[in-house]
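Each structure below is given as structure tokens.
The two complexes that follow have chain A in common; it is paired with chain B in the first and with chain C in the second.
What follows is the complex of A and B.
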């Protein structure tokens, strides 16, 4: 990162870290949910944006993290964040074999396969004694959102850093190569399977880690809300709006979408979903590649014009 | 240079958006002449939207009536609600918004158990007492929370009615089934103990998953167990599914009870003659002779153009109780209100509100057994409120 961007990023992060203790519960929750979705969007962006494998089931790992944490807290009396770490590990452990299996599918088949995966785990959670079946698991009440927020912020920053690395590394180039054409990438010497399984694991660990905080924050885990497709869809919509497969897309899309939907929900409680849906459609028609690429294109045009004038 | 600019602008946009979000409009705390604001989130969209709307109208009607009658403590009342889209995380944020940002004076519960379980934690942390009119399971109340009170009949008591009726008829063996989620599970949780007490035996006990599409295998297994009565803790779709599978398998127990599914009017229209004799549990009924019920039904229909259901009645009753507690306390002091809600006994459209002071679990409201007879629903239990005696046994499929 260049000097100026680095300075600005550090300031933003410092504000995000320093301000929450002084906020009221509502602002804190709003900030938490925003950071959570941005982090989920970064996770999704790796497998679906960079590797080109559209997934509608990364919430599988989110729910897995939530349940792992709840069980760790209730059964083993671990602190929640240890449970959440465990959730990340379990997710990674599942993602490796699952990746080898699922990433044989392409396009719509992979997307549907992952959707089915989330549904499958939902059914398992619904019928297993350990997960409390449909009754779900109650965590001790009285949780404080602040530690969960910091946990989520750190994972979000790791997601950003990982994306920054992917954006500028040979690994990232390999991912983009297989996104464009897997066969060509393979003949050029890219180890296709290993590369995409790695991307899949990265996209699984993060939701796994985030789910634990979510469970602690809600003090209750149950199958329907833990594996809710809407969580995935929201992260997907944010990334696409912001710019899929870009470094800044998840951040811009995530912040914009959560703030706009919150403001609309408060101002027009009856009609906000309709207005919100309309706005997303309009934005995507005007900027089909998302906001981040549009900004960068605009900047480029301006720079080119400036260069011409100078000449 | 290009990337630097882009990054700088993007970071700036992100930072600015956060700051705008955090510095949103803050309302000032309400003064004595301002209305008393009651806050709630309701599932107006999402999985529970239909019932959520009726629940909201229950709240709205009480506020309107109370304002016409002079309000509360000499102040008008304002209802402030948001849509939680049936999502627990959204509901948590909205209750925090109501309390921290909108500075509401009082809160009442949202719709659905899953949402309430998470919101209860918020109420507890802010020491805001909350009546939850939509949570029939007792699990959320058994976590040591002191600020939540159950505003509806407990699910575990649902099965008492059909089992009492069965006992009177001398039926002995029971098959238990139902959807494997929080509420139906709590409905069947009491069956074991009751059966022992009443000298009946459970010959089959197996739940089916949420959103099941095929009931033939579970019905076949039930048929083989040959029970006198079937107790199924079902919602509308699964109660219909089970009934159709039973007809197909030509399996007719002497008594068929199907949870809350049969209480919906569409159960009758969807099943026609097949619905005859099926029992279910209702929490409330338009004919019920509880205090103010007839007037409630009439004004509700006049106001919204359709009949109220038990959601509307339970939410209306919760505000009746809350309003009464405020009057008794004479202020909005939340600690005193909490104590009042824990110990109060008061007649409402739902019956007599009374909770266990320790847990807030409802003890006063009694559930009703409804049965489909000649294409109509009748209250058949408890006897004091019954509109007719139960029609038993359940007719074999060949005679319909």
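What follows is the complex of A and C.
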């Protein structure tokens, strides 16, 4: 990251941290949802963007985090954030064996396998007494919005920092190598399985932590919304639009999609999904690799031209 | 005599009814250059797949420095000192040329920065340094072949498996590659080359030649011995040693 990008980032973070107490409920919830989705997009981007394993089931860990937190608060009377930390831990613990199992599958099989995983947990939540069955679990109500917002912001920042690390580290290079060709990576000395399971664990911890906050924010958890495929699709679409496997993609795609969809929903409540879908398609036709790579390419061209002028 | 660097013992591998390798044994000593020649479908690539660990044989053993490696995963074999190239070059297309090589250098270097520096040095040695920042997917066929070699070298192997590194090159490029392979000997790196054509170069650079046909080794010896071998000599080399280097295809009938 250049010096200027760093300064801009610090200002953006400072604003994101300072502003919420002064916002009304609607603006605050919009900001929360935006930050939540950006954070989920950063999580998804590790396993799917850098490692190349498209997943339609990272919401498995989001729901797991939400339920773990609700159960921890109701049964063990833990503070919600301890419950959410536990949610992250449980997600990581599940991700290790699940990763060894699922990451043998390639392409659509992995994507569908993860989708099946989310559906399975949904069924379990629906029928288990501990999780309150179809009606779910209710948490003590209260003014939960601000702490959850900051919790989510911190995890989003961790997601960004993790991606920054991956983008510049040996681990990240190995991930990208196995994304391009797993067999070649292995004959060049890359420990393929270990590397991708690590990526999967990172992509599981974050939704686990975020789901806990979400449960506390809504003050309830129920099977359908906790394991909603829609949540995954949203994170997937945001990342692809912003630039899959890039540092800035999830942020750019996330902010853009949440704002535009919000504005459209207010203006055209009936037709907004159609317009929105159309916009995404048009953008992806124009910029097939997403927005972030297009911006980098433009900056690169400008730098090259400036260098030429100097000579 | 000390243990050979690599011993391949009675390897068999069948695909359905096809015996790709039918009891092949080989030895390679440290710093030795062995060329395996044989027509299309003779089993050269299958042998490289088995030595490098990406494929298991139906039976038989592979020992490297006296240790059986036949059940090891590919990354462990790579770390032990066996590097390979792929017949059809398989660059990491979206990574830059330098990072393609750095992936392999990471097996030896602790930090990414040092791996990239090591990669740059290797690229220098194969003449790709000026393309280091280009995406590997944009390279030409010849450049891709060199990148294959560069990545393998970055592992600092004791044994290099070169699968048809000369195929598709012009005579000048073949000569350059031949010089390069001969230099390996001075660096103490052993090599096994799988070669379908270019007998002229094979005769020049090999310490030994093994002839593979329909999964069986039918001859193994020095270039002179091979040329004199009644089973191969006349049939293979009578008209094969041509000056273009990109000689006619093998007289043996290969599999389609």
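Heads up, the rule we're going with is that the second predicted complex is superposed on the first by the 309 of 311 C-alpha atoms of A that agree within 3 Å, B and C clash if a C-alpha of one lies under 4 Å from a C-alpha of the other, contacts with A are read in each partner's own complex, and residues count from 1 in each chain.
Simple rule for what comes next: a residue touches a chain if its C-beta (ideal position, glycine included) is under 8 Å from a C-beta of that chain, and two chains touch if they have at least 3 such contacts.
This one's a predicted model, so the numbers in the text were calculated from it and none came from an experiment.
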Contacts of A:29 with chain B and chain C, given as first, second, both or neither: first
Between chain B and chain C, more extensive residue contact with chain A: B
First, second, both or neither for A:266, with chain B first and chain C second: first
Which superposed partner A:141 touches (first chain B, second chain C, both, neither): first
Contacts of A:248 with chain B and chain C, given as first, second, both or neither: first
Touching partner for A:123 - first (chain B), second (chain C), both, neither: first
Touching partner for A:5 - first (chain B), second (chain C), both, neither: first
Partner chain(s) touched by A:229 [first = chain B, second = chain C, both, neither]: neither
Partner chain(s) touched by A:174 [first = chain B, second = chain C, both, neither]: second
Parts of chain A lying in touch with chain C, wherever the complex brings them together: 168-170, 173-174, 176-177, 180-181, 183-192
Partner chain A, residues of chain C touching it in the complex: 52-54, 73-75, 77-79, 83-84, 86, 90, 92-95, 99, 102-104, 106-107, 111-112, 115, 151-152, 154-155
Contact footprint of chain B on chain A as seen in their complex: 1-5, 8-9, 11-12, 15-16, 19, 23-31, 33-34, 123, 126-127, 133-136, 138, 140-143, 214, 217-220, 222-225, 228, 230, 248, 251-252, 255-256, 259, 262-263, 265-266, 269-270, 272-273, 292, 295-296, 299-300, 303
Touching residues (chain side chain B, partner chain A) in the complex: 1-15, 17-22, 24, 44-45, 47, 81-83, 85, 87-89, 92-93, 96-97, 99-101, 114, 117-118, 120-122, 124-126, 137, 139-140, 143-145, 179-182, 184-186, 207, 209-210
